[in-house]
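There are two complexes below, and they share subunit A, which is joined by subunit B in the first and by subunit C in the second.
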Partner chain A sequence: MMEFASVITGAVLLLLLTAAALRGWLASRPWGAGPAAGEEDTSEPCPEELVSRVFSRADWEFVRGLKAGGIERLFEQERKKVALVWVRQTSALIRKVISEHARAVRQNENLEFSTEINIFAQFLMLMAVCGILSAAIQLAGPLWLGGLASVAQRLSQRVSKLQETFQTVGLTNAGEAKSA
Partner chain B sequence: MVNNSEGSAGQAAYTNVPDRAVTVEEAYDDLLRRSLSQISGDLARLIYLASTRDYNTGKYRHDGLAARFRLDIACKALELAHRQIFYRIATYPLERLVGEVELYVSASQQGREEILQVWQKLEPYRVALPVNVNVALAQLFVSNIKLALAIVQRRPKPRAMGASAS
Partner chain C sequence: MLSQSIWWSSIVLEVFLLTRGVSGRLLFRYPVFYGYISFVLAQSIFRSFVHRWSEELYSSVYWTTEFLGLILGCWIVFEIYRVALAAYPGTAKMARKILLFLFVLALAKAAAALWSDPHLLAETTALQMERALRTVQAIAIVALVSVFASYSIPFGRNLRGILLGYGLFIGERVICLTFVPVAGKDFWFYAYSASYLVALSLWLGHLWSYQEIPEAESSQLEREYQMIATATQRRLQEARGYLRKAVGS
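Then we have the complex of A and B:
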């Protein structure tokens, strides 16, 4: 009987987790929850301090010290909102980088298989991290997720740099082909 | 709007513009030295800089600066200063931002309660966002100002200098 109850509890938990992850993944996509105006437009890069500020516990400690329930709730709501905007923006940026990369790849004859696999693996990992982050922010708020957010930020910077390197190599190759 | 007259009198002020090549950095330093240093608090500086921007064209205008430099150089210097101060204030710890709001409210001519209510209802600080600013950073700024206003409103009104002396 106890075993059966454990199985049922496990299944329910698994279902809840899957639903949360799916919701988060959908929310991180532009056609999921629907981004606010300008979220897709990443014309100005995200400053590095943003992540440490949004996911900072120092602000939370300050708010908690005020001993005002209303302000604590407002803080949680507002930080959740900002964190979700940041996750959507990061997902949008990475999708943009990958689609630009795919366009460049189609025109390039000297592809390096290992580099391509590396970029694709990082893209997949980043999208998974964004999905998990989005779900976790909605469930628990951003205050416990600083580490994961830093991972997402580092990964997105690495993928952008890889893309820049790839573009530079592509341009050099194209220039050499033209001059030959 | 501050010194934003578009009429012929405003244009005439630019006839004394120096012939030598002036840089945005020079105009920026001049702006910091003459105007921004006279304003206490980064939030008040941000609001001032945003108020030099025309709502319709998005161009910044400051007659004094344009008279000493050039209209386009003054515009760029104002934009640079606006952007820099915004980036600084948007990533302030919440506690520091609360201090900025407190300073802004207490330095204003209007009553503290009036300003707090109007800022919470009309959210005029949204106009202080520079153009094309990162969306997440803009959201953080707006959220933090909302929180800071709620915190300041909850705090007891600071005593006036004269009252504390008596």
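Then we have the complex of A and C:
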């Protein structure tokens, strides 16, 4: 067990340092340097109307109504590309928020450990959501994602309704037990 | 033959590194690092004398100097932390807390292992002990590098070289120590010895001459931490809402 942990730790350290050396994480970056190579311009997010349109099934149903297989395939491919660009842009925007935060607080003596951990956890969660979204778009396409999200939403609503019911039943039972 | 060439190459590189350190006045800027290199050089020569003089004494001399080197290595990590974060008290605070947490965790794990098996210490070989300590050191370096990368701490060429070289050396050592045989010489034995050569070459490349560490600008220092943190949290929440709205549409 200890041997395995040692090998994993050593490998993680080697990979981290190789990545740091290759991607210039420990470079002599001046203050306020622009985005690193490969990062997209993230000054403004996409307009909301455009984003909701990408994941909406309305256009898909219209194209399907044309009964032309070639157009359908082309439409799906293009939508997938646009959706993936949007996810990449959003994740770059989140990275930018964190990077700006880190640069702003790194010299601040009043930095709070718990707040930093909280912010970092939120960042990790959002990056995980972007990763899952990206994988889902690659696998199922953006058009089915909206459907999946609404199914998930309906399920979570059912779960919360069930929870409310259980709580009400629990409270009623407790009240009855007290009165008895 | 291969062992001899690794040994001689290390000696030559160490002497070269120390000479460059003195001529470039780097020795005074990173005294712990050059102290470590001097120690390893002296230790190699001393060990070779002992090896010729007394085989029986060699084992105890080897492990004593090995653990002294390990302690000095921890001091190098501390020097990297001290120099890199001198101008960044906020990040230094974060790094201290994380390292303290990891240290307490390692101590608790060791205490738990000893509690469950009181003979563990007597049964543990020096090799296993070194591997365990080097693993803790590797975890500490992973944590430090993650903090440096997260807070975009600018590094000068020299300090970056020390960190990369020492980190790679520890990473390779931890892996090699897992597979190296107690007796005999196989691939892992040579890999174990050669890992130090890789580090020495990296150090020589990065520490050829002195290069200043980029100075920190304090344009946002006047802003309150809470204000910045709240603004970041709000922006992250906005991003979450944006994601949810887009997919839920």
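By our rule, the second predicted complex is superposed on the first by the 103 of 180 C-alpha atoms of A that agree within 3 Å, B and C clash if a C-alpha of one lies under 4 Å from a C-alpha of the other, contacts with A are read in each partner's own complex, and residues count from 1 in each chain.
Note that in this section a contact is a pair of C-beta atoms (placed from the backbone, for glycine too) under 8 Å apart; a residue touches a chain by one contact, two chains touch by 3 or more.
Small disclaimer: the values here were computed from a predicted structure and weren't measured.
Visitor: Is the number of subunit A residues in contact higher for subunit B or for subunit C?
Guide: C
Visitor: So, does A:130 touch the first partner subunit B, the second partner subunit C, both, or neither?
Guide: Second partner only, subunit C.
Visitor: Between subunit B (first) and subunit C (second), which does A:107 come into contact with in this model arrangement: first, second, both, or neither?
Guide: In the superposition, A:107 contacts subunit C only.
Visitor: With both complexes superposed on chain A, which partner does A:82 reach: first (subunit B), second (subunit C), both or neither?
Guide: Only subunit B; A:82 stays clear of subunit C.
Visitor: Is there a shared patch on subunit A that both subunit B and subunit C touch, and which residues make it up?
Guide: Common to the two interfaces on subunit A: residues 45, 54, 56, 86.
Visitor: For the complex, which residues does subunit A have touching subunit C?
Guide: 2-3, 5-7, 9-14, 16-17, 20-21, 25-32, 45, 48, 51-52, 54-56, 86, 90, 93-94, 97-113, 115-116, 118-120, 122-123, 126, 129-130, 133, 145-146, 149-150, 153
Visitor: Name, in rising order, each residue of subunit B that touches subunit A in their complex.
Guide: My answer: residues 87, 91, 93-95, 132-137, 139-140, 143-144, 146-147, 150-151, 154.
Visitor: Across the complex, what residues on subunit C touch subunit A?
Guide: Those in contact with subunit A are residues 87-91, 93-94, 97, 128, 131-132, 134-135, 138-139, 141-142, 145-146, 148-157, 160, 163-164, 167-168, 170-175, 177-178, 213-214, 216-221, 223-226, 228-229, 232-233, 235-237, 239-240, 242-243, 245-249.
Visitor: Hey, which residues of subunit A end up touching subunit B in the complex?
Guide: Interface residues on the subunit A side: 36, 38-39, 41-47, 49-50, 53-54, 56, 58-59, 62-63, 66, 68, 70-71, 74-75, 78-79, 81-82, 85-86, 89.
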